[in-house]
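After the structure tokens below, expect a handful of questions from me.
Naming follows writing order (A, B, C and D), and every chain is counted from residue 1.
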Amino acid sequence: MISERFFNYIVALLILGTALVAWVMDEPFLITLTTKAVILALAGVGLNLALGQGGLISLGHAAFFGLGGYAMGVLASHAQTFTPLMEAPFLIVGTNSMPVIWLVAIVASSLCAFVIGLLSLRTSGVYFIMVTLAFGQMLYYFSISWPAYGGEDGLSIYVRNSFPGLNTLDPIQFFGICFAILMLVIYGVSRLTHSPFGLALNGARQNAQRVHTVGLNPFKLQLAAFTISGAITGLAGALFADLNRFVSPTMFSWQTSGEIMIFIILGGVARLYGPVVGAALFILLEHWLGGLSDFWHVYLGIILLCVVLFARGGLIGALAKKERAHV
Amino acid sequence: MSDAVLNILNISKSFGALKASDDVTLDVRAGEIHALIGPNGAGKSTLIAQIAGKLKPDTGKIDLLGMDVTRMSIAERANLGLGRTFQISELAMAYTVLENVMLGALGKRGGAFRFFKPVMKDAELRERAESAIERVGLSQHMNKVTSELSHGQRRQLEVAVALTLEPKIFLMDEPMAGMGAEGSKMLTSFLDELRGQAPILLVEHDMDAVFALADRISVLVYGKVIATGSVDYIRNHDEVRRAYLGEEAA
Amino acid sequence: MKIKTLLLAAVSAAALASNAIAEGHGKVKVGMITTLSGGGAGLGIDVRDGFMLAIKESGNENVEVVIEDDQRKPDIAVQLADKMIQSEKVDVMTGIIWSNLAMAVVPSAVAQGKFYLSPNAGPSALAGKGCSPNYFNVAWQNDNLHEAAGAYASEAGLKNSFIMAPNYPAGQDALNGYKRFYKGELAGEVFTKLGQTDYAAEIAQIRASGADSVYFFLPGGMGISFMKQYAGSGVDIPLVGPAFSFDQGILQAVGDAALGVKNTSQWSKDLDNETNAAFVKNFQAEYDRLPSLYASQGFDTANLLLSAMEKADVKDADAFRAALKEADFKSTRGDFSFGNNHHPIQDIYVREVIKEGDVYTNKIIGTALEDHADAFASECDM
Amino acid sequence: MSTVLIIEQILNGLQFGVMLFLMAAGLTLIFGVMGLINLAHGSLYMVGAFAAAAVAASTGSFLLALAASLAAAAIVGAIIELVVIRRLYDRDHLDQVLATFALILIFSETTRWLFGSFPLFLDVPEALSGTVTLPGGIAYSSYRLMIISVGIIVAVGLFLLISKTRIGMRIRAGENDREMIGALGVDISKLYTLIFALGAALAGLSGALVGAIQSVQVGMGEPVLILAFVVIVIGGIGSIKGALVGAILVGLTDTLGRVMLPLFFANFMEQSSATSVGSSLASMSIYILMAAVLIFKPTGLFGRA
């Protein structure tokens, strides 16, 4: 048994190492794949905050992932065609600067998460799962039938957005940006987990009554967690859109929510690196099994089933059994 | 009644045809232990739920420290100074003893919306929590996970969490339940001392403890308070003997 | 930074050199991204089988085809495209079935200097302002079959059509395409939910509308559901649709409900030309099923590629492009040429669903549009 | 819009609701008794439809096809209950969601492997292929009327089963207290397998019934599954009555929304964009309904707190 912290460092180094080796060996596609894993891991880290620490099983996080994606798509498409986004009451123009896009993605998705959370947190258990799903589906159907930004066809952005001082079209540089963001966010989440807020949030998951009785309001704690969680997933959405230089309503679909959830469970619920391990494993399986057979979904299903049935606590849980997942 | 910390005035609560609280009036004064007793199903839990804020009374009024709290939430009452322990332990089971008590300390300081500084390294909170743990005698179990504690230890932990809130009044729901003779005795003497810090509304089945500790006793039967008074008064009250103590004596 | 750049330059130079040696002259590496699993896999499988049949028949050993499954997900398609370009280093890409996936992949692929030959999707954005010298559509512009249906309706004297499509861009394009060539009145215009399975409400509207014809574009399972329910509703207003809902793969699932329905297509199994007859026969021999529209498009795409390879080396992009533009191959559709925007100019036929023994299939009953180009060609400045 | 047309559309909404009820009844039963979220319920629906299509193709009998759909779904249901599902009863919802999601993947691809990627043929029986004229001159599909009657029969049957029979008593006991039912000396795991198979059989039956007028293809279960979840959440999870009311509410909202909203918007905008805006809103309508119900009644219309 190795300690979880040590294991986390190894995971981070493995990811970084894979990208660097791929760069030296001139395998840009491998870098792209690693970048995808990093971005999906980020989305998972977001959901994990609500799901693992807050106990809020949201099957609607695709809503935030998609919003982040469309924040990028809408801004960049306006920049691409040199048309303003809005002229009255004040002028808003498109942009292709990544930091601005990230900011917009974060603000938009956290606002949306706040509203969805405000309404959904009135329910609990299965009802919460389903009402978040309902909000996700609303956005999905809206994005399909709203013609201004491509509807079902989605939006193509021909050139990746820019980051001051870097060439984002170079796979390794874009990887660097995403990896740095992931590490920063993980650091932030880790600080948050051990902060007063984290203590209270994790306490509210275990026993809301207890938290209430000491004078803290579980609803506010959960709403805050849900909002931050949505913001992180939204940021991941913007990066994902930039990775593909493309956004489409698929990002809003309930299968996307399900996949983000799968990363967490594969890796380990409420584990800091759970979604990272899960996303990396998922991408690995997808490419390895996909090459093996046209019917690779069967194998993926069997593996998932085995993880749920026999490896409770996900991969990290299996490797670091002795330690607690929470705090 | 200017020295009443908690004042319950004519509250009633019905569930359909059942009157769980029937025009209950009760007060808790500074420095006293006021025991609330009554047979099972007398409506003690309902009454406590209304005092704590989990249920709202149909009619009547609850004053805490001279402030009307009838419509306030659980958290708001806690912030005003209501420290509560539960009949069935309400603790974060995956947390250690220290973490559970830190929650209380955090609640006392008000607001958990600090996202960056490690809570366990917060000297002020830590000191408050550790001293509460010491007072209830759990120091050697500080880093034990709550789910591994014995039943009695969990009761002690509940009290420790309530202590960190430095409440103006304690609301204790059967703190002795499930404790061995040794533990009960220890807790009895601890509560005896505690009343100097803040008055206690004590709901308890352990009559030895009640008679040893209480300054006043109220008896609740079928949702009604049938008698309130000193230990001796209650011991000799006819109606109480008939309704309640009679069974115990037999 | 300098060391990195140097390192990178050295590595990539080495890679280039080794590629040049390995590939030699005249070889073409094709990257096919198509839908082989999940919903809609039937279309991708047919395109792939048609394409590979042509390659096999040609006996040309200079073509290497890498095939990947996009699962009908745009993000997967984009990554596969990155893989094809970055790590497989293909010269030509093809295979995508769906317009939204094509929009995700094609613009960036052609911007990186790859040729893209579309065997199915033809979104208007790529035919008009977004046209590209390296993009060739071997199937149709999305609106073509709908325009033909509109033309057929006008010619057949239909004056009051009820038109219906799912509420997404291809659906909106479909109805616009129909209206572009249809001269009568509209009895009603309805957008259904994408993926909708129950059409009772729409059928009731059709019954009440007093229309003399119903034009619908409901691809895949949606069309099957609609036609079965329509047949059971007792409404007998004639149906018209594009070929997608009357394709070989789908017809068997619709059954009698489709009999007699008129539909428009640029290809049919009974098209009378030598290439087509041989194609239908050989496809059946190879795969033990009748070829579909999609199979014919895959077959034509491969033949177009092979014809260009005869004339030019793919490394000489200008020459190869010119060779593609000539479209000097024998199409299963008979006459075939490219317009200025590299989209087909071709005849579009009207077919009727019939039963041959136990098998439902189509026969041609007329020509809706001759040498038809698309409505967006003028917006393309090539 | 004429009154007759409105009545016909209401009938259509009811019929759509009844179709949803068949699917939702099993789902809510399984949740109510075992506390299990079963995403693979849609796969059982697909199994029923494929079994019916296969049997209909080889025997030509629609009744045999229906019987096959019931049997196949029940058997497959019992098998997955024994192998997988029973390990999930004590798990949290998260594990249940994931494990049954994995089952969807396995079922869908296995079915595709067995039957291919193209839709299968399944048609309504000759005797029901026409229409009946209802009072008021509405010509309505006989097959759809049959679906409505089957739905009503199933609803009544379930009510009777639960309120009048010994099994029903055990189901109710199980809902209220899992410990107690064990104490009554009932073999709880057998009961659970039975209930799961019953729910699966209902899903299979609705797959076959609906498959005859829609398309029998891989992936047909998931859209219905989501709708069925919307239905039981609106009705209150675990309540058969709630499922019935929820199904009809969803059926009516969806059908009438599709018809009315475009007409409504046509009052103040140009036809083509009214159609588009109206249909966009219509496709969101049931989710809006669900969110609204949950915001005002967090445990659904007939759910217990």
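Throughout what follows, a residue touches a chain if its C-beta (ideal position, glycine included) is under 8 Å from a C-beta of that chain, and two chains touch if they have at least 3 such contacts.
In UniProt terms, the chains line up like this: A, D = ABC transporter permease; B = Branched-chain amino acid ABC transporter substrate-binding protein; C = ABC transporter substrate-binding protein.
Not measured: the values here are computed from a predicted model.
K.L.:
Assuming chain A simply isn't there, give the groups of remaining chains that still touch in a chain of contacts.
P.N.:
Ignoring chain A, components are B | C, D.
K.L.:
Both chain C and chain D are touched by which chains?
P.N.:
For chain C paired with chain D, the chains in contact with each are A, in label order.
K.L.:
Going by C-alpha centres, which chain would you call the most central?
P.N.:
Of all chains shown, the one whose C-alpha centroid lies nearest the global centroid is A.
K.L.:
Relative to chain B, which chain's C-alpha centre is the most remote?
P.N.:
That would be chain C.
K.L.:
How many angstrom lie between the centres of chain B and chain D, each centre taken as the mean Cα position?
P.N.:
49
K.L.:
Based only on mean CA positions, could you tell me how far chain A sits from chain B in angstrom?
P.N.:
Distance between chain centres: 44 Å.
K.L.:
At what distance in angstrom does the C-alpha mean of chain C lie from that of chain A?
P.N.:
35
K.L.:
Counting only Cα atoms for the centres, state how far chain B is from chain C in Å.
P.N.:
Centres of chain B and chain C (C-alpha means) sit 74 Å apart.
K.L.:
Mind pulling the residue numbers of chain A that touch at least two other chains?
P.N.:
Residues 141, 144-145, 147, 295-297 of chain A touch two or more partner chains.
K.L.:
Which positions in chain C are in touch with at least two other chains?
P.N.:
37-38, 167, 172, 191, 193-194, in rising order.
K.L.:
Where do chains touch, given as pairs?
P.N.:
A-B, A-C, A-D, C-D
K.L.:
Which chain C residues qualify as touching chain D in the complex?
P.N.:
37-39, 41-42, 45, 167, 172, 189-195, 197-198, 200-202, 204-205, 207-208, 220-221, 224-225, 228-229, 231-234, 249-250, 252-257
K.L.:
Which residues of chain A touch chain B once you look at their complex with the stated criterion?
P.N.:
191-192, 194-203, 206-207, 209-217, 221, 224, 324, 326-327
K.L.:
Help me check something: in the complex, which residues belonging to chain C touch chain A?
P.N.:
So the residues of chain C touching chain A come out as 7-8, 11-12, 15, 36-38, 69, 73-75, 78-79, 82-83, 86-87, 99-100, 103-104, 107-108, 111, 123, 125, 167-170, 172, 191, 193-194.
K.L.:
For the complex, which residues does chain B have touching chain A?
P.N.:
On the chain B side, the touching residues are 52, 73-76, 78-79, 84, 86, 90-95, 99-100, 102-104, 106-108, 110-120, 122, 125, 145, 161, 164-165.
K.L.:
Which residues of chain A touch chain D in the complex?
P.N.:
On the chain A side, the touching residues are 51, 57, 59, 119-120, 122-127, 129-131, 133-135, 137-138, 141-142, 144-147, 254, 258, 261-262, 265, 269, 295-298, 300-302, 304-305, 308-309, 312.
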